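Please read through the structure below; I'll follow up with questions.
Per-chain residue numbering starts at 1, and chain names A, B, C, D, E and F are given in the order in which the chains are listed.
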Amino acid sequence: MEKKGIGKIALMLALTSGDIDNIKNYYESKNYVIYKGQAGSMDPKKIVAAIETAASREDIIRENYHEEHALYHSIIEALSGYCRGQVMLGEVLRSAGLTFTIVRGPLIEGDRSSGNWIAIVLYGQIGSPRRGFEHEAIGMGIQPI
Amino acid sequence: MEKKGIGKIALMLALTSGDIDNIKNYYESKNYVIYKGQAGSMDPKKIVAAIETAASREDIIRENYHEEHALYHSIIEALSGYCRGQVMLGEVLRSAGLTFTIVRGPLIEGDRSSGNWIAIVLYGQIGSPRRGFEHEAIGMGIQPI
Amino acid sequence: MEKKGIGKIALMLALTSGDIDNIKNYYESKNYVIYKGQAGSMDPKKIVAAIETAASREDIIRENYHEEHALYHSIIEALSGYCRGQVMLGEVLRSAGLTFTIVRGPLIEGDRSSGNWIAIVLYGQIGSPRRGFEHEAIGMGIQPI
Amino acid sequence: MEKKGIGKIALMLALTSGDIDNIKNYYESKNYVIYKGQAGSMDPKKIVAAIETAASREDIIRENYHEEHALYHSIIEALSGYCRGQVMLGEVLRSAGLTFTIVRGPLIEGDRSSGNWIAIVLYGQIGSPRRGFEHEAIGMGIQPI
Amino acid sequence: MEKKGIGKIALMLALTSGDIDNIKNYYESKNYVIYKGQAGSMDPKKIVAAIETAASREDIIRENYHEEHALYHSIIEALSGYCRGQVMLGEVLRSAGLTFTIVRGPLIEGDRSSGNWIAIVLYGQIGSPRRGFEHEAIGMGIQPI
Amino acid sequence: MEKKGIGKIALMLALTSGDIDNIKNYYESKNYVIYKGQAGSMDPKKIVAAIETAASREDIIRENYHEEHALYHSIIEALSGYCRGQVMLGEVLRSAGLTFTIVRGPLIEGDRSSGNWIAIVLYGQIGSPRRGFEHEAIGMGIQPI
């Protein structure tokens, strides 16, 4: 069976609409820490804050700058992918409503040789702040932690 | 049952490692045109060319500038998300090996009201041109066609 | 006589200081829809909103996401050209006062083969929010619609 | 009669398809130095070189770094506007064929108080290296000299 | 003895933590005008304003657009280097606390042949708005004036 | 006496023109690993490669992806600061000749609480590939390792 990368785990969790308990339990038994949440805003800093808050509250990262830095850069890379270039939402009159996943663990399932990594995935809608005038977007950032 | 967006269809196809015939057949019966291929290079233009060639050869886009323009912008947005910012590979000594999917059809499954759209997903590895020194990346671009 | 592109039509209209009725009437008889307005702000989203509002109110675009998306991307490309890189105004203490034109019609005058396109041109001043400390800028975005 | 800015002079010259001698003579009598040329490439550095070479050969800039720096930054700003964001052509499989204008003189016609400035305008086609699969683009950079 | 560039002078002044009077006096005797100040904010425009205000108040630039433009572009280049890419602070939930230096004079110490230039250096901390969760950053912009 | 940050150590070493043995020895006794080298090119990937090669050869980073990733991102951030925005040299007809420093150790001198970090500084000249038509530039990237 294929050994999944940390990114694919985070992507699958973000894309699964219903119950994620089975996938979550399986990968938690493989030394991953996993969280899935929601955020929506015209203000990029609120999305950054929602993810940072969840990561701290759920003890996914330890309370030191080394780990906070890895988390922060993963979020910014994910946002940059989500926005496809310049990180801007309300400044150019668009809004994002999204699901985020945080996954911490080996770079490749079962392979401890490359140390711990963190993957952030953002998946949701981006567009005009008017219902139906939006389309899907995705972004992922991966950093060693 | 949840109605999927064109982006989620393209993402699921890109993330599925094995046989995609079932998913492909299901969505083709729902008015989607679908293609999945591979590309790898240190040169962004080769990735653009691989996707454009596949889209023409498989008749996913018609031979006019209106459609070619939508395809091209979808590819560039997907590359921009994959690179998380500036579209550069070999110029900064990194390489990409990826699976791409092209999906054409309604923005949301079963909803013809918003016309035809095209989604391009790139999913694979990015990193140093040395085995094992790379991690996953994803990018998606969606345009009306 | 030279066949003008949709971009040149939008540029000429933006650069003409006085009465544009002659040019407007001529191109309206050639299947173009044309609008010229003013916007000024330190806030990019107000410029986006001014153009989107004008395009809706004047029925230049139909009330669907397909067309709104083309309009939006044309505006962002024009703003990106106007700002020459990152789309920022007040955030870096500068302001824009500009004329915008919206033109919808064939890519090249008299040529219906490539379908309908939209061109947005922004022409005006950019600079410090102090009189006389500013210079001209231009930006244009063109999308199939 | 309206006093034109250096940008509008450079834009009008770039947009005029036929003979520019009348406009050129008029503005030369108003202390402007003017040049119009052509460049086309998939390689941004060839466009930069074509404009720098013309500016030197025509004695529009003096042979010192102060002036060369102003010219260079004007060209890069114009290219950035032309490409609407990242300055890339062949790297992302697109090509540019364009007319450029170089204008040196007062920021506003007849007003010597703000010193000498240089404006570079690029106007032409950008797109796929295939005939008919391209649309117009414009970019302008203005710097004190 | 090595002839220093204007950038190295501005960098050394920004990096010196204690008294700068000796260095300042030495370079003022070599035709440089020098200023060192502090700024801190989550808002890029407040950093721009702090530097512009200091430059005017200290008569480092003359009250005309030619010089203000050179100052402004130097500041934006320095900020761009400080932020390493997109100029964003609070928008992506980060803050800057920094020392800035403004140096005006010859490009290379003792060499008047290339005219007057201005160098802006920003050196300080960037990071989360939480004590200890930040690291150093630097940025420099140089323009002819 | 002031406790220096890892960035200031790397900056001071890059700016010192003569013998750096005293500074190097002092910080090596404080648990820092230090290297200073030269690189020059119109090709960003050659600068990346020169620094990566030096870091491996001098055993500044261990031969694993975790550390190589931190090094790579530090280099790209430093290059982005050096180029003040888009990482481009020869593509836009400019060249860089620079000194680089690599410093590995505590974020702040004497403070082991925040773990190991790496700082890359680039300091040198950027400009036209013609002698005397260039000015100084600086860039720094800092990552946890």
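By our rule, a residue touches a chain if its C-beta (ideal position, glycine included) is under 8 Å from a C-beta of that chain, and two chains touch if they have at least 3 such contacts.
Quantities reported herein were computed from a predicted structural model and do not represent experimental measurements.
The minimal number of chain-to-chain contact steps leading from subunit B to subunit F is 1.
More C-beta pairs in contact connect the chains of C-D than those of the other pair, out of C-D and B-C. Separating the centre of subunit B from that of subunit D, both taken as means of CA atoms, is a distance of 36 Å.
Centroids of subunit B and subunit E (each the mean of its C-alpha atoms) stand 44 Å apart. Multi-chain contact residues, meaning those touching two or more other chains, occur in subunit A at positions 65, 69, 85-86, 88, 91, 107, 114, 132, 135. If you check the complex, the residues on subunit E that touch subunit D are 64-66, 69-70, 73, 107, 113-115, 143-144.
Per the touch definition, subunit E reaches subunit C in the complex via residues 43-45, 48-49, 52, 65, 68-69, 72, 76, 79, 86-88, 91.
Only residues 86, 88, 90-94, 127-128, 132-135 of subunit E touch subunit A when the two sit together in their complex. The residues of subunit A lying in touch with subunit B in their complex are 2, 5-8, 11-12, 15, 17, 77-78, 80-82, 84-85, 107, 114, 117, 119, 121, 123, 132, 135-142.
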